[in-house]
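Chain nomenclature is as follows: A, B, C and D, assigned in order of appearance, with residue numbering initiated at 1 for each chain independently.
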Amino acid sequence: MSYVKALKCRECGQEYEKVAKYVCEFCFGPLEAAYDYDKIKKDISREKIAARPLNIWRYRELLPVEGTNYNTLEEGYTPLIKADRLGKELGLKNLYVKNDCANPTHSFKDRVVAVASTRALELGFDTLSCASTGNLANAVAAYGARGGMKRYVFIPSNLEKGKVIASLIYDPKLIGVNGNYDDVNRLCSEIAGKYKWAFVNINMRPYYAEGSKTLGFETAEQLGWKAPDQVVVPMASGSLLTKIWKGTQEFIKVGLIADKKMRMFGAQATGCSPITTAYKAKTDTFRPVKPNTIAKSLAIGNPADGYYALKTINESNGGAEMASDEEIVEGIKLLARTEGIFAETAGGVTVACLKKLAESGALDPDAVTVAYITGTGLKTQEAVADHLNQVQVIQPNLEAFEATQLTAVS
Amino acid sequence: MSYVKALKCRECGQEYEKVAKYVCEFCFGPLEAAYDYDKIKKDISREKIAARPLNIWRYRELLPVEGTNYNTLEEGYTPLIKADRLGKELGLKNLYVKNDCANPTHSFKDRVVAVASTRALELGFDTLSCASTGNLANAVAAYGARGGMKRYVFIPSNLEKGKVIASLIYDPKLIGVNGNYDDVNRLCSEIAGKYKWAFVNINMRPYYAEGSKTLGFETAEQLGWKAPDQVVVPMASGSLLTKIWKGTQEFIKVGLIADKKMRMFGAQATGCSPITTAYKAKTDTFRPVKPNTIAKSLAIGNPADGYYALKTINESNGGAEMASDEEIVEGIKLLARTEGIFAETAGGVTVACLKKLAESGALDPDAVTVAYITGTGLKTQEAVADHLNQVQVIQPNLEAFEATQLTAVS
Amino acid sequence: MAVKVLIPTPLRNLTNNQAEVSAEGNSISEIIDNLSKNHNGLRDRLVDENGKVRRFVNVYLNEEDIRFLQGEGTAVKAGDTISIVPAIAGGK
Amino acid sequence: MAVKVLIPTPLRNLTNNQAEVSAEGNSISEIIDNLSKNHNGLRDRLVDENGKVRRFVNVYLNEEDIRFLQGEGTAVKAGDTISIVPAIAGGK
C-alpha cells in the first residue's frame, strides 16, 4: 500500500493516475508524486525507521512505490563523514561530506534507479531503459539485471571505452547513437512513446526523481534527526537540489525533525552554468548553453528543473557558484588530500564551489554544513590524470631510496 | 582501553608487547593479537553492538586498538545481498553475496588499513606506508590522508597508469621500484627496519590482519546473529580466509552466536594456486609459484598464511578450488548479469570457484552459503574489456532503431 | 510556406496519433498559431496566454533550440523541421 | 668460499645490527650452519631441529627462492648473495 495519492502537475495542479507518465498533457509541466502527509505523519516515527534495514527503503512511506518487493542492491545510507581537515582549510567549523561513492554502482543514481525500477516492476514492465553518458547507464544496467529485466541503454556512440565497459559488464543491449546527448534523449522520447518500456529518466521520471529525496532524509537522520544549516549540491538539471530540499521539508511536515531554515547552495561547472548564471543575474529565465566542461555528468545545457532549483535557492536564502575546469581538478585533489575521498568531477565542482562560497562569506563558518559527493572518481580518472604528482622511480635497494627520498624523510 | 593482552607468536607462543612488531624473534612465526575473551564475554552483547554506528568499529572489543579515536571513513558494514538469480543458475538455494565494493576505496583493504592506521596513530607514528600493486595502495594513500599522516606507497614501477592514479589522487609519496612485487616487498622490509614508519602489511601486520575478521562478524550479524553454513573466500596469502574463520569462532567464544560447524572453501586462480594445489594433493607443504593470472590481487606465489588457511579448510571440512583466466572473466560476467554487481578479478575467481564447488557437489545446495566479493571491477576493467558484447551503433532516429533492434523487441 | 512539425507523445491525442504534421508560417510563432487550425487545442498546450512558449516545452528548429536563435520570432523556411520536445530529466 | 648474507631486522640483534654478513659454505645448509660461528644462535632461528628451513622463513639465492631450486641442498658459489626474509603479508 502506498501513501501516494496521484501524480500531480507541478505547474497547473492537474492530477493523473500513478502510471508511467511524466508530463502534463495540458501545460507540459512535470508530474510529481503527491503524498497523503497527514496519514504518513500518523504512521511514521523515528523508532520505526531506525529499526529498518540500512538502505533507502527505510523511508518507504515517503517513496512512490506500492509494495515492499524492492528491487534493491542495498543502495543508500552512505557515510556522512565529519570533514575536519577540509573544514580547517576552508574555514568551516562544522563541515560534513555525504559520500555517495559507497552506493552499489558508486553514484547517487542507484537511489533513483532503485525507486524507478521497483515501480517499473510494480507496473508490469519487463524492460528497463535510459539515455545516459555514464552513471545512470551503469545503474540501469545493474538494477535491470538485479530485477531480471531486459535492459536497453542508449549512449552517444563516441563515448570512451572505459565508461562503456562499466555498463556492458551487466550485459544490457547497449545502443550507441550517432549524435550528442540531446539526440540520444530525443530518440528515447520517441521510443518511450511507442514501446511499453520503462525509461527511468523519461516516462518513469516522477518515481525516479523521488529517489533523490533520500539524500535529504539520510542527512537529517545521520545528524541526529536534525536538518543541516546549509548544504552545497551539484546541479545539472537542478533536480537533485530541489529533491534534497523537498525531502527535508517532508521530514519537517511529518514531524520527524524540527522546522528549520536550511540554506540551499547550488554548484555548477563554469562551462555549463545556466542556473548559477541566472541566479547571479537575478533573473528566472534560463538561456540554454552548449556545455563545455570536464564535469560531463553536469553537462546539461537546458536544465529541466532549473526553474525550481533557482526558486529553492532564492527562497532558502542560499546561493549558487560555478567552478572552472582547473578549479574542478583542484577540488577533487583537495578532498582526496584532506579527507581520503576520491570524487568524480561533479564532486570536484561541489568542493570547488564550497571553497568559493566559504571564502566569499556566503556560507556561515560556524553553521552545520553538508557537501554532497555524488559519485566516485574511479569513473572520471582521465580528468585528473595529467594533473597529479609523478611516481618517483628508484632501483630496488635502500641506498637508492635514501638518495632520492632523504630530504623528505624526517 | 583494550582487550588485547599481548602479541603472541602463533607458532611457539612467545609473547611480545603491543608494538609495531610482526615476526617472532625466536621462530619467525607470525605474531597475532591475543585477547582476553573472558572479559570480552562479560562486556559485549548484541544490543550493545546493534546500537553503534554501522562501521567495523561496532566490534571494537574484538579489534586490536586501545582507544576510540578511530581513523575511519565509515568502512565496513557492507551489503550482504540475497543472490537468488545467481543461486538459481548454480543450484544453490540460500546464496548470499557479501559486497565489499561498497567500502570507501572500494575494496576490503579499507577494513585492514582502518585498523592498522588507527593503531599506528596510537603508537605515535606519523607516516603510513605499504608495498602494493593496487587496492592496498589506494587504501593506505586514502587513510593516511584522512589521518593527517605522511604516506609512502611503494609499487612496482611498471604498474599501469590507471591503477597509479587511484593512489596518486591522495597525494602520497608514490615510489615506483624497478623490480617485481617481491623486490618491492623486500625493499620495504629493509626500510621498515630502519625508519620509524608504520608499514601496514609489514610491521603493523598483527593489527592489520585483524581487520579482516570484521567480514566474519558482519556476515553473522547480518544473517540475524547466526554463522553461515559454508563460505567461499578468495585466497592470496590465505590471511582473509583464516581471519573470517577466526572472527566467527570469536563470536561463538564470547557468546554472541551459537556454536556451528562452518565450512570454509578457498578460491584461487589457476595461475597462482599454491594453497589449492596443496589441498588437492593432501599435503601441508607449499611449493611457491611464479604467478601468471589476470587476478593480480591474488598473485602471491608464496602464501604467508597458506599453512593456516589449509589447516582451517581441512579442519572445517571445507575445500579449495581454482579458476582459469577464462573462467574468472566468465565469473565476473555471471555475477554482473544475474545480480548487478561488478566485481574485480578476485571476485571473478570467487564466483567461478563457487560455480565449480556447486557443480561438483562439494557445496550443500540447501545450506546458507556466502561468497565474498572483495573489491570493485572498476579497478580491473582491462581484464574484461575484450570479452564483452559490443555496442550497437545506429543513426539517431526511430527507423534506424527498429531496423537493427526489431528482432529483440517484443 | 509549409514546414514539418514533430509531435511528442503527450500531444498525439490531438493529432490523430500522427507523430508528424505540417503547418504554414514564416516564423515559429506563426507556425504554432497555425497548428491549431487542423489540430484543435494544440497551440494552447505549447504557449501561455502571452503567446510565449511554455517553460517546460523545448522547440527545436532543425536540431537547434530556438532559444539559441531568435526565440518565437525565429524565421522558418520551406523544408525546415520543427521538433517539440518536453523537458527531459538527467544529470543531478 | 664466502658469500654475502642479508640479515632481516628481527635477527640483527644477533649480528651486532649488521644488515649484511659473510659466511663460508658450498650449499645453503652449510652456509646456515656456519652462520652461527660468528653469530651465536642465528642458525637455530632459521632452521628447525631437523635442519629444515622454518615454515615462515624465506631464503633467496640471488633473488630466487631456494624452493624453486634444490632447497637447503642448493649449491652456492663465490659472489652469490643470500637473502633471508620473513614471510610478508599481502593480498587476501
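What we mean here is this: a contact is a pair of C-beta atoms (placed from the backbone, for glycine too) under 8 Å apart; a residue touches a chain by one contact, two chains touch by 3 or more.
Given the structure is predicted, the values throughout are model-derived calculations rather than measurements.
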Just curious, how far off is subunit D from subunit C if you go by their C-alpha centres, in Å? 84
Using mean CA coordinates as chain centres, what's the subunit B-subunit D distance in Å? 31
For subunit A and subunit B, let me know how many angstrom lie between their CA-based centres, rounded off. 30
Please compute the C-alpha centroid of subunit B, do the same for subunit C, then give the distance between them in whole Å. 58
At which residue positions does subunit C touch at least two other chains? none
Name the residues of subunit A that each touch 2 or more other chains. 183, 186, 190
Could you classify the connectivity of these chains, where an edge means two chains touch, as line, ring, star, complete or other? line
Go ahead and list every pair of chains that touch. A-B, A-C, B-D
Please give the residue numbers of subunit B that touch subunit D in the complex, ascending. 11, 21-30, 108, 131-132, 136, 181-183, 185-186, 188-190, 192-193, 201-202, 205, 208-209, 233-237, 239-241, 287-288, 290, 297-300, 302, 304-305, 307, 346, 374
Across the complex, what residues on subunit A touch subunit B? 54, 73-74, 77, 79, 81, 85, 99, 101-106, 126-127, 141-146, 148, 152, 155, 157, 161-162, 164-166, 168-171, 173-179, 183-184, 186-187, 190-191, 194-195, 332-333, 336-342, 376-379, 381, 384-385, 388-389, 391-398, 401, 405, 408-410
Quick check: in the complex, which residue numbers of subunit D touch subunit B? 8-13, 19, 45-46, 54-58, 63, 65, 67-68, 83, 85-92
